[in-house]
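First subunit A sits with subunit B, and in the next complex the same chain sits with subunit C.
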Partner chain A sequence: MRRPLSHRLLGLAGRLAVALVVAFILLPAVVVTLSAFNDKAIMSFPPTGYSLRWFARAFSYKDFATGFRNGLIITAFASTLALLVGTGFAFALDRYSFRGKRTLEAILVSPLVIPHFTIGLGFLILAAQIQAARTFALVIATHVVLVLPFVMRSVYVSLRNLDARLEQAAASLGARPGRALVTVTLPLLLPGLVSGWLFAAILSFNEFTASLFVTAQATQTLPVAMYNYVREYADPTLAALSVVYIVVTATLLTIANRFLGLGKVLNVEHAR
Partner chain B sequence: MPAERIPPGSDAPAAAAARRIGVQIDGVTKRFGAFTALHEAWLKIEQGTFMTLLGPSGCGKTTLLNLLAGFLEADGGEIFVDGQLMTETPPYAREIGVVFQNYALFPHMNVARNVGYGLAARGVPKREIAQRVDEMLALVKLADFGHRKPKELSGGQQQRVALARALVIRPKLLLLDEPFSALDKNLRGSMQVEIKEIQRRLGVTTIFVTHDQSEALSMSDRIAVMSAGRIRQVGTPDEIYRRPTDRFVAAFVGDVNVLPARLERRQGDQASVLVGGVRAQVPAETIEGLAPGAAVDLFVRPDALAIGEAGGGVPGTIAAHVYQGSHVDMVVDCPAAAGGRLLVRVPGTEAPGLWPVGRVVGIGPTAGGVAFPPEAA
Partner chain C sequence: MKTRPFLALFVSPAALAALALVAALAAILQFAFRAFVPGSMEPGGLTLANFAALLRPLYADVFLQTVAICLMTALATLIVAYPLAYAIVRSRSIALKSFLLITALTPMFLGEVVRTYSWIIVLGNSGFINSILLAIGVVNRPVQLMFTTFGVVVALVHVTLPVMVIMLAAALSHVDLDYEKAATSLGAGPVRAFLTVTLPLSMPGIVAGVTTAFAWTFSAFATPQMIGGGRVPMVSTLIYQLGFSSFNFPFAAALSVTGLALTVAVLALAKAALAPLERLGAH
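Moving on, here comes the complex of A and B:
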């Protein structure tokens, strides 16, 4: 039986609307990707000819190379520290009830509310007082604060999804707390820990606003280097770099999703 | 449905151990804030007994189970298992096997590693672990399933794995926390028989928590009925069913009718009561202190009532027939009864023909019941 014309038109309109929204979301990425292959030294769209020269420049420009290296160092330390601290807090919030629990929770997620430049500026003022304004430690400390809420959230959700009876079962079978932690709790939390670390790493590596305040020439991260570049040059090197960014991040997330099932980590599956 | 009897011979280990006390609960109390979940529970369980904690949700049975397992700490009282004081012992040192309601199998381990977990935690050599795991999986009829992951098993199979995992450590006590509630009805019956059989064969003292009275009656050696944080009565299924000592127990276990009656006289440990002119025998202990002529509530099972012509017994009107195969449940409107209705179970299938719907009849007790003083209004 054929559906009435009005229904088919509505269905068509609906599909069109979805397609438009998706196109709108992807638009910036598409424009930047196409400009990256432009053979002219200006960022124009659509490109008139195609070339890979801007990719070559992106990889050979010295500030980008140091920014990339700095970014890796800062990201590795910041996300690992945030993971340790965040896991500790997530455990405390999940397992124990104590006075001021709500307040602690609010403070730990406050970087989501406080603007990044406020955090950056605050750390910069403090660091200047103790002559630490040009150090990696300052950048790392800032990034830890920025990514902590995301790590904590990820671990906390995994902990909520973990059935407390599994730990009780391990205990009833004779496993001391340490053994239960290593053989039951941690293996089941692993996807949450890894994806928490991964999100923190991506955020930290891409972070710009706070980093602009707390980095110096020697400690500048890739986004800051890119910002400095675009103030001087208008060629499509940045577009080429953006393409590399997108490809690398997408690859990392795809791999992580394949092995960890990120969907599980982003939702509370069931109440306990 | 009565529990299936185990062939003679397999009874021997259970019988030999039956004299010793397996579990002793001495005045155990547990509070959660202002709420008292368990009021001074006292209970002694002989070794090898299948003891059921029966009660509605919130009665404290799960709290008691968690206290036994060591997952909760008591606020007062002591727990002994095989004569050893357990109150301060952490769960990992208690040697108690637990089968959880949702089985709580480790999802990241295969069946063999799940079952072997307790042995590995005890430092048993690998070869012996493999051997004991195989034996235990054979016992629960899952010999070829060792390499499967829990989520690849059906509910019944998961339950067997959980049972094997709890039993392989040769626990002094086995705790079953509503293990059948997640199974469908057909599977439930066969798993009940199977678990009971394994428990008898191994002779392990078992405490089974359930809110399902038919499960409790069919599986248990003894039942402790609980309500509102208190143990109301402890006895064999037959004692609990035939001679409840408490209004709650009488109403909770099995179908029951409540009729107003008068105490006629008492003779030793028996008493007779009159209900609508018909005499019924009841135990005297539940109505101690009442004088002849006092009003009592007679609790009587549906199969201990008979339908007769109007004029004898308590007047009522047939409201419905419920055909049950071997018997018919007759629903009778009866203003005098608690709830205004009576349930009369008549063997055979002739009753609907004899007593059609709408017929005015007289209902009287045939066998005894149990009488309690009327509830203070």
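Moving on, here comes the complex of A and C:
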């Protein structure tokens, strides 16, 4: 049966709407890529000639190198700590009932709606009060709190999808709880753990607002260094760096999707 | 028999993290009620002066403008995100689904600085949009898009889009396709089936998406700071300016507390106002 013309027009309109939205999302990425290869120092569009000099400058600018190194240190600690804390808590949340469970959960997911500047300001004031100057530990603690909701969510969803009977089977075969956890539960959770860690790492590395409050010159992360650069210079160096950012992030997400299924983690697959 | 093995081990690190967050928020609350001593990082005695200063038209206006920008952004994001979320959930091609999902999500992971910087090149006076408008002769002078509320809202919609898409897609994926089929077999056209079945059933996602978008927009700092350039003041930029230009941390703290109270109030209000709608989607 052929669908009536009005239905086909409707389908066409829907496709057009989706295409427009995709264009809106991709527009800045396309424009920033074009201007990254511009050979002029003034940011103008369209580029008159092409060059790689802004990539060279982005990679040789000292503050970016320091910011990148600081970011790696902070991200490695923050995402790993968040993974440990978040996995344990997600497990307790899924399996056990205990006093204060809902309160603790509500506090830990609250950074999703509390403005990052509020959290950054809070940790800055707190650090000043307990005489802890702006150190790496302060930045790491702030990032752990910020990325924890994402890790918890990712691990919790994987736990929900896990077949509890496999653990019971291990227990009935004589495995003690610790052994069942290490040999059965953790391996089955691995995709959730990896994607949780990956989300946490990307978000921590790119976090800006709270970092602006809690970092000092010595602990400055890459996004903070980039923000400071825009305030001083108007050349396309940052465009070149943005291109690197976009390519790396999209690649990581594509890999994550390939191996872990983002749709499942984010709960947007159609329930069948 | 131990029925909850390793409970303390699993929960105490999380409790410690929660404690740190609560302590940080308590520190802000405490500072909000202290006097500002110019030229010193140490606050003075207890006072309500910070909150009294908030009522001055200068600051009250910033609050109102921020709320207006948040509302505009949340609604615009909903309209832009819905078709994309629908396509992600309903598309039959796995490749297309993955492409749309990655396209929708990548901006979220890029961070605010990279995204906002890109919008500067799009919106600037010698940027993408103005170059095209000038080239095809629609205008003969660049249209001012940077440093305007319009420019800030456009960039904020882009920033808020991923989270809205996730929430809408999650809700849409739980809408049972059979309901739609039932409506169609009873003679409803696709538009009617969508408006009377799918849209109401996705209402929980719309409520969650709009309120989260509001909170995220309120939280945005890099976008109003870089696109607004000080000419579109929002609460976040004002707090930063107070903290790091005037070192008036007590007043910055009072603004943060008020902003947080406002966010909580808006979230609660939206939840209450939309509760009847949300029940439509309960199943």
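By definition in this document, the second predicted complex is superposed on the first by the 251 of 272 C-alpha atoms of A that agree within 3 Å, B and C clash if a C-alpha of one lies under 4 Å from a C-alpha of the other, contacts with A are read in each partner's own complex, and residues count from 1 in each chain.
Everything below uses one rule, namely that contacts are C-beta pairs under 8 Å (C-beta built on N, C-alpha and C of every residue); 3 or more make two chains touch, one makes a residue touch a chain.
Every value quoted in this text rests on a predicted model; they were computed, and no experiment measured them.
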Could you say whether A:Val230 touches subunit B, subunit C, both of them, or neither, answering first, second, both or neither?
second
Tell me which partner touches more residues of subunit A in the superposed arrangement, subunit B or subunit C.
C
Report for A:Arg165: first if it touches subunit B alone, second if subunit C alone, otherwise both or neither.
first
I'd like to know which partner A:Arg8 touches here: subunit B for first, subunit C for second, both or neither.
neither
If you stack the two complexes on chain A, which partner ends up touching A:Arg69: first (subunit B), second (subunit C), both, or neither?
neither
A:His116 contacts which: subunit B (first), subunit C (second), both, neither?
second
Where subunit A meets both subunit C and subunit B, residue numbers:
177
Subunit C residues touching subunit A in their complex are 2, 4-7, 9-11, 13-18, 20-25, 27-28, 31, 41, 80-81, 83-90, 97-98, 100-107, 109-115, 117-122, 124, 126-128, 130-131, 158, 161, 166, 169-170, 172-174, 177, 189-191, 212, 215, 218-222, 226, 236, 239-240, 243, 249, 252-253, 256, 259-260, 263, 267
Mind pulling up the subunit B residues that touch subunit A in the complex?
69-71, 90-98, 100, 102, 104-108, 117-118, 121-122, 165-166, 169
Going by the contact rule set out above, which residues of subunit A touch subunit B in the complex?
163, 165-166, 168-177, 179-180, 183-184, 187-188
Inside the complex, what are the residues of subunit A that reach subunit C?
6-7, 10, 14, 17-18, 21-22, 24-29, 31-32, 35, 42-46, 84-86, 88-89, 91-92, 95-96, 98, 104, 107-108, 110-119, 121-123, 125-126, 128-129, 141, 144-145, 148, 177-178, 181, 199, 202-203, 205-209, 212-213, 223, 226-227, 230, 238-239, 241-242, 245-246, 249-250, 252-254, 257, 262-263, 266-271
